[in-house]
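Look for subunit A in each of the two complexes below; its partner is subunit B in the first and subunit C in the second.
This part shows the complex of A and B:
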């Protein structure tokens, strides 16, 4: 029996187990795995992290006692945390600025009518596909005092520093290595956005006598701004989660200059076995990411009009 | 013409820091240890002993298999779970839908680092630490899978209603029209989900070092950092051989299918 014929029957004879009810059930079944997963691996751990953060918990000593807001008081007084937040801020700002600027530059260059841009696109994109730790290990080697980077500098008559052990250069090194690894992703997103800009606009502007720079500022930037916003948010949130690069390249040093929040969290929880304080740091990370995402949501609403 | 030459020049120079490290990784892994600090494009004398030692220092074959099977399971699992949930949220009307969607979306807000302490404790109490369960189950069902669900939902929202009405008139049930009509159409979205899920799992570092403690269970990123000699110094040629073996397969697949890779990711980025 076709759907139309079924619907044509009078309401009273529609069986209890009708299409709509069955749909409800199918809907629940379809989302069940994801829902169970969210409950078990997102919401439950989130509640647990909140509870842990209210307790003094040292795994090694086997002590677990309610501490109220004690961990949060410690948070406020923790000098090393302040250093970690500073390092995180420096890393995020440096990474986002450099990443977006370079991604935009590469995308504009590759958006020219030029043979072989596909090859260059592939080359710039390739580090995205290289395993993160493999990429980091190679750079760890290249950035040694006698490594490849300094050999190149030496050939130019310059004396290179010990990149990964110098207070001033360690953070810069981590940022650059990470930008080179992932800038291809943002480049591709920008490229897609650039290709969506109508060519007639440029032609019209050119007729009106607008130079290349002016066309870029007045036409390109406004039209790709939703993508700029999107990529910047993705990149900011991603930059807050940097861990493997730090763990492999600098172990947070020299001093605490590259100890970012997630690395500090890892140290406290899994090296010093302070689970309670680790949980408190998790809450802090959650709060920061949550605030940024909320900001994105509000800004995005303003951009939606633009996208349409 | 002059403009073109300048442009090519700029692109070639910019390319160097992107291409050279990979080139250097591959070629240096075939250099004898005394040559490894010399700066050259190709080895003067070829030495593949690093590739043999990789398997002697650690159970590298086993670790490779660990990474591979975990990444494949996670990818297939995520595609199944996310496409079903995404489909239901986009195309089926059921009570409580919006509230449940918001509940699931919370996962998007949560970096995995936030829940690592309680999850470690959870799996510890289940006796599942130093097994691969946390590395498989959490990514499929937990927060990392939510992005995939979101992408699938966005895609299914764009399908025209008529398609499924036609399927239903032809006698397909809900599952039939999901599996036979909607899912085949969703191949671009599924492809993108597959790519970034695989890469994410292949690159995972924090979780393995938290959950796993015996070398037999290690995954590749974790294993790569363990190639040290008896004095704790890094064995560079061995480490680079291992890094090459980790990076190369993904790179080769990428070169073969680069159009789908890049467009798939660009597509998803814009939609997500």
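This part shows the complex of A and C:
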């Protein structure tokens, strides 16, 4: 049948279940579970958080009143929020810097063909698999004034501080505990990227007289830059969501030195029963995560030298 | 409508059907006997067995006790309420009483309780509003000092007795600490739950805030005196374990512990000699501090009426006597050494009289205020600088008042 003849044919005579429609239906059915799951458990809660942020919700009193932008106006005047944002910034910068630097260093060291590297790779990766709360509780004991860390320092003739009670050391402790927990994940990603760098490039650079540091800067870093971007996005987003470590190790103290944004959000919503304001803080966190991720993504043109 | 166009509505219908199947919401028609849910913060097998034994005698409904971790108890309970999954009854900590009672979250229960008139006023005060009772004060537990008499003897200290003072207590604790074990442990404090310190500062006549709750008391001369004493005991005398150090008195690691009488059960298999004494006297003489829990019926419960009936049964005179095995009762007829001794074999009659009975009769409840959780966190953060060896006690306490006075006046 010619095209003109097919177009001339009345629509009612075209079979409904033609191949194209059947293919579409199969496609929709395949993605339906994921679509329904995303709608119910991601999009709907997101929309509800946005709605709650426009309301004053006192759970105990059972009151739910429209507040318009009142909760958002409150953000600007909240002195404790500024402290929480500062603590979040300190934590994120410390964690991201330390985590990425250590992960890269470990990956470079464990990329060598030496006996025992498989064992060390396993050792550094294994904390990733340990329960976060269990890991943190163990460190809570180790960081006590008379705990394992200070015992080791004492054996070396040093007086260790009260790690979790000092304004300066508490945040450092939380960062280090988190880095040790998750550095293995970034290490494995870097290791995979390093193993994808062609050996001939190093050989050619070596023949041209490039030293180890120059080879690292001029060959390794450009070729693993997509992985650096990936790990930095994952680590930045993860650092903004830190909660369990703070809840177990410091409960936001001493003072408010470790009260990061998520912990402050938890306090407002679940401890002080201000669910509306808690939802507003969630929206703020969402905006910060989104903005930072977008910024990193746009900066990939400068950072990333090639994309697969 | 074309078949393909029906897909979204079919999917929605399917979703609604699936969600409804897993729901169990309030609209669900309940067949068979009603099951009441009651949240508790104990997971002790002995406690739960007693609760279940008592509940088994209630014929109008089954009762399911749901153990929630004590550290996050109120948070979890609030989340359940927010999620539309409120229990029918709940234990409520004394620190949450003003918020739960003041907000109208609880149903009135006073009218149904057996012999309501014999509940002692010091125990019910926290749970009343406008003359109505909103929870039953089912555990009224005074703070006392548990003493490891073996450790005191080893440190050459005389066993203390009723009428002792804080100076004597700290001197004995410091002597034990010098021998290697800890001195006076404050298990529930851990440099965060500062309300427990009322067990010490009460001896100086200090209060966190005025009786009407409107004025901060942290920088009063009495509080400065008490906190200076506590600070010296921690950092100079080393009588109290320092911040960040966990010590278990009940495992025999400390000379003394300020704790509630209900912890006596932990000493059932103790391998050391021990004594329970009332709180030592301070410069202002003898005093007592009580911790408390209430059982309330959530107003949102679809079974509030039946839950109130269960509460009346659960706390009637006969069951209150059974509960006294672990939870000191608020019924005056049961506040005597003979009754308490039957259910507290570990404690001697004179201990029950001096610590439990006298404590409940003359005690004041640990500091509580409307908006307690936020106040508590603010005070905790402002007090943190006090827990350093070089702290300026008066300056820190002035700062505490500067931080919380706007909240008290609000």
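As a convention for this text, the second predicted complex is superposed on the first by the 282 of 308 C-alpha atoms of A that agree within 3 Å, B and C clash if a C-alpha of one lies under 4 Å from a C-alpha of the other, contacts with A are read in each partner's own complex, and residues count from 1 in each chain.
Basically, a residue touches a chain if its C-beta (ideal position, glycine included) is under 8 Å from a C-beta of that chain, and two chains touch if they have at least 3 such contacts.
Everything quoted here is computed from the prediction, not taken from an experiment.
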item: Subunit B versus subunit C as contact partner of A:112, first or second or both or neither; value: first
item: Touching partner for A:297 - first (subunit B), second (subunit C), both, neither; value: neither
item: First (subunit B), second (subunit C), both or neither touched by A:66; value: neither
item: Partner chain(s) touched by A:253 [first = subunit B, second = subunit C, both, neither]; value: second
item: Partner chain(s) touched by A:185 [first = subunit B, second = subunit C, both, neither]; value: first
item: First (subunit B), second (subunit C), both or neither touched by A:164; value: second
item: Partner chain(s) touched by A:28 [first = subunit B, second = subunit C, both, neither]; value: both
item: Partner chain(s) touched by A:273 [first = subunit B, second = subunit C, both, neither]; value: second
item: Comparing the two partners subunit B and subunit C, which touches a greater set of residues in subunit A; value: B
item: Touched partner set for A:36, first subunit B, second subunit C, both or neither; value: both
item: Subunit B and subunit C contact sites that coincide on subunit A, given as residue numbers; value: 24, 28, 36, 40, 141, 146, 270, 275
item: Parts of subunit A lying in touch with subunit C, wherever the complex brings them together; value: 16, 21, 24-25, 28, 32, 36, 40, 57-62, 141, 143-146, 162-165, 251-256, 259, 267, 270-273, 275
item: Subunit A partner contacts - residues on subunit B that touch it in the complex; value: 4, 7-8, 10-11, 14-15, 17-22, 24-25, 28, 37, 39, 81-82, 84-85, 87-89, 92-95, 97, 100, 103-104, 106-122, 137-138, 140-143, 145-146, 149, 165, 168-169, 174-175, 178, 199, 202-203, 205-206, 209-210, 220-222, 224-225, 236, 239-240, 243-244, 246-247, 250-251, 254-255, 258, 261-262, 265-267, 269-270
item: Contact set on subunit C toward subunit A in their complex; value: 2-4, 7, 11, 15, 74-75, 78-79, 81-82, 99-100, 103-105, 191-192, 242-246, 299-300, 371, 373-374, 377, 380-382, 384-385, 387
item: Residues of subunit A defined as touching subunit B within the complex; value: 2-4, 20, 22-24, 26-28, 30-31, 33-38, 40-46, 48-49, 52, 106, 109-110, 112, 114, 116, 120-127, 129-135, 137-139, 141-142, 146-148, 151-152, 180, 184-185, 188-189, 191-193, 227, 230-231, 234, 237, 240-241, 243-244, 247-248, 262, 265-266, 269-270, 275, 278-279, 282-283, 285-286, 289-290, 293
